[in-house]
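Note that chain A is present in both complexes that follow, paired respectively with chain B and with chain C.
Then we have the complex of A and B:
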């Protein structure tokens, strides 16, 4: 195991050095208790204690809108070029729930046929995790899906030890960076302090819904026609907020836009939401998920059932964003609790 | 930093329309040649058609892979892309991605009898298989084709179907929902044709393609005929936007998490009977 130490008053130098090499983004306070990942140039801008940002860091891996193809129809024959616009970026301060979200997306986009736009961006991103010592707020359910503890998916991982950070160096890329930065190696006392943080976490983080998580896929299978979906559907306003803020939602739409010269144009990929009414509609008029209850059920199934069958993991990372952002007070924890009660 | 992705799955193959024909008020037929060679598809697969600046739509290939040099599409003007496509004619260019999807299980079906059931535009994807079977006729047993359309006026591939009626190696039956003054054939839903067909269910594959509303009723008739569920083959309709099992639009509400574009569009009834909707 390779652990290093960074004193807290040296964080600013670390960020400044890093931003000399690449774009650095980190959580920044945006007022009214909201946080957002955005570009920073020094440690003073960074919110080290933050609740999950409005949008998860997936926006750096899969931007809200992205050009996939540039085309030109001015010649005798149309021509096109597939492009990606990706720059070296360090994403600093990613909580374990969002690291889990990125791990979900990695699986989706590296499955064949591969998505090279995503993979190219991923290659250029240096991921620096930051441990939560405590719950962010009452909406999180990370212990239920076991994403409250670090389990890979990062280059470097920071844990706050009071006056210093202990840093787990996880990749070769990170190793080289740490060497270049000249960070001191951790000593046994640091490791003891880290273990104390983890022990505290184990005592604080408890399954937020009273169920054996391994049983959830079966509970969902049995609850496909549960009245829970009717209740949730009756409240849902189909705004699509829950999927936009979700760290593991990746559904998208494709659209062409002509430039003003009417000769060149782009084909773009935009985030889409399975909660919007036309999502599963076909040109003939049939809508395969016309009811809000069907669409909400679909969303939950993609987090707790389908993803387990396909990728052997939950696509819910317990970050709580969908609940925090919902205008109709649909709570993930409450929905799960009702479903579990009905199907035990 | 913008860079080119040489192996991107979003790159388009360049196609030229070599022939086009308005078939009915709503449907137009296109014969398309690709610059880089054969489409290399199998019966039942689909392509994504791109018109630069308009967008993309998934369209079933309606020609058999045994026809070389070009492939055919039959397109109903119903959305943005398809309406724009109806304005195209021979000589016009378009982009193609694909072929995509799981084809009809032709190798499994070989040696068995076939019962084709086509409703409306469903004849288009089915025609890729029907013509394939005709070109490999001795590999298959008895062939029955049942076709249903709204009115005689809506019938697609009319002249081709005229030759089917004359062939001795198949039994062809047709019905329309609403007749016309000069119509001498059957009137009624396609389900009314099924009881009259003589089949040996244990050695028959029924291949059913039509609008979503048709499946429930046709399948019920086939089950009455004792066709095993594993031998009822369907091609399901969804809006496949990427064709690569990622965009999420075509996912079927089924315990097995099927993506219609990748796991389908062809399924046996056995595979999809637990779906919320077919």
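Then we have the complex of A and C:
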């Protein structure tokens, strides 16, 4: 068991030392109850108590807009150069729901053909988790998908013990950092305190939807034609907020853009969303998911059915962002509840 | 190649304005460094805001600002169209009618009397139309004013003979990618959820709301509008009024007119 201790008043020194070595990003308050991961240089800027950020930390693994290739078509033979402009980055304060999201993306982008842009960025990221002692708000459903407790996917993991953090050191990279920072080893009393935090969590975090999660894929399969989708579709704005803020959504669009010299250009990928009307439109004008209801159903199936078939896990991490951000108040917990009710 | 022959091969581009504030021309004049790059790729033959020369031959590209609001303008735009290989409408006035369209909410004579007084009949005026409701438009650069990087993209497409697709997604898409705090969370209503993207949520990035200047998406969420209005306790009339500032010219919305 590799646990270390950092006193609360030493956090600032920790962040400062770390930012001397690499870019450090952490949740920062942005007003109107919103938070965002952004660069910090000291602990005072960091919101240690925060509800899930507007965008999940996936933006550091696959930026919203990313240059993939630079090309030149002026010669007899076109030439190109691949681009990855990833720098060493520490992402501090990642909740377990977002760690789960990154675990999902790791599986997706490691599949062949591998996504080297993603994987090379991932190699340069030091992931520092931060435990939630209580629910962030009523939109979360992390206990349902079992992402409320830490289960790997990080280098270091911080749990607040009042006057100090207990830190689980999980990787070689983290081990070296902790040694360099000279953090004290945890003692049995610290482990008892950690166990107390976990016991409290077990009493607070309860399955947010009344269903055996193992039955969800079958419930979805049976509910493909449910009226739930019509209802959700009738309300949907098709703004794409729910997928853009989702920690496990990874769809993107690629486009080549010429420079004004009309000889050189760049290939860029940008996040795309299955909720947008043109997403499933193909040449000739055919659209495979023309209706909002079909698009919403697709989103839910990608989280609770297809991902289980393919990767043996839910791709919903229970962070609650899709519900929190929805302009039209479409709630993941309510949708699941209605679907479950129909299928008992 | 001599300079003269180089110039001869560059596409001839002309800028024209109709009913508008000429703010979009100002955006072009303010392009800065990319303006120099553009001028390297084209030969500007008419542009009232920055030069006095005129051109009496055909145009490779005509770039039109402003909406069509009287008979004279209608004849003039038809003549320009006849002389132009490619025609680009730029700015909200040219693309969707823009603020000039507010006129269409009133009886024409009533509004003429209000503006020109008792002798209003001396002043010609018709219902406001965006350019494409009169002549065929090949490219649209939406916005009030235009978002300069989009104009550059459209110009590159026009020069290469490629289509440019105006995103048919709400502004929210780009706004979310830019990780702005939602205006509705700040307690302010914003037209982003119904307005065409492509401006990189320019206004919201700078602390303002979306005014809908790029026009509505093709399939706006009619049902959702009432949910959103309910959720944030807004008045439907307020949203409608905000929309009518830019979006009053949708009747007869066929590219090339009837």
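Simple rule for what comes next: the second predicted complex is superposed on the first by the 344 of 344 C-alpha atoms of A that agree within 3 Å, B and C clash if a C-alpha of one lies under 4 Å from a C-alpha of the other, contacts with A are read in each partner's own complex, and residues count from 1 in each chain.
Everything below uses one rule, namely that a contact is a pair of C-beta atoms (placed from the backbone, for glycine too) under 8 Å apart; a residue touches a chain by one contact, two chains touch by 3 or more.
Because the structure is a prediction, the values reported are computed rather than measured.
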| item | value |
| --- | --- |
| Chain B versus chain C as contact partner of A:286, first or second or both or neither | first |
| First, second, both or neither for A:258, with chain B first and chain C second | both |
| Broader residue contact with chain A after superposition on the shared chain, chain B or chain C | B |
| First (chain B), second (chain C), both or neither touched by A:181 | neither |
| Touched partner set for A:83, first chain B, second chain C, both or neither | first |
| First, second, both or neither for A:234, with chain B first and chain C second | second |
| First (chain B), second (chain C), both or neither touched by A:306 | first |
| Partner chain(s) touched by A:329 [first = chain B, second = chain C, both, neither] | second |
| Which of chain B and chain C A:64 touches, first, second, both or neither | second |
| Those residues of chain A which chain B touches in one complex and chain C touches in the other | 257-258, 262 |
| Complex contact set, residues of chain A against chain C | 30-34, 36, 54-55, 59, 64-65, 234-241, 244-245, 257-258, 260-262, 270-271, 273, 276-278, 292, 325, 327-329 |
| Chain B-touching residues of chain A, taken from the complex the two chains share | 68-69, 71, 73, 77-78, 80-87, 108-109, 111, 113-117, 120, 221, 224, 250-258, 262, 265, 267, 272, 274, 279-284, 286, 288-289, 294, 297-298, 301-302, 305-306, 309-310 |
| Residue numbers on chain B that touch chain A, as the complex places them | 1-12, 14, 50-57, 76, 78-79, 82, 93, 95, 211-213, 237-239, 241-242, 244-249, 251-253, 255-257, 276-277 |
| Interfacial residue positions of chain C with respect to chain A in the complex | 34, 37-38, 40-41, 152-153, 156, 159-160, 168-170, 172-173, 176-182, 184-187, 192-193, 217-219, 221, 223-224, 227-228, 231 |
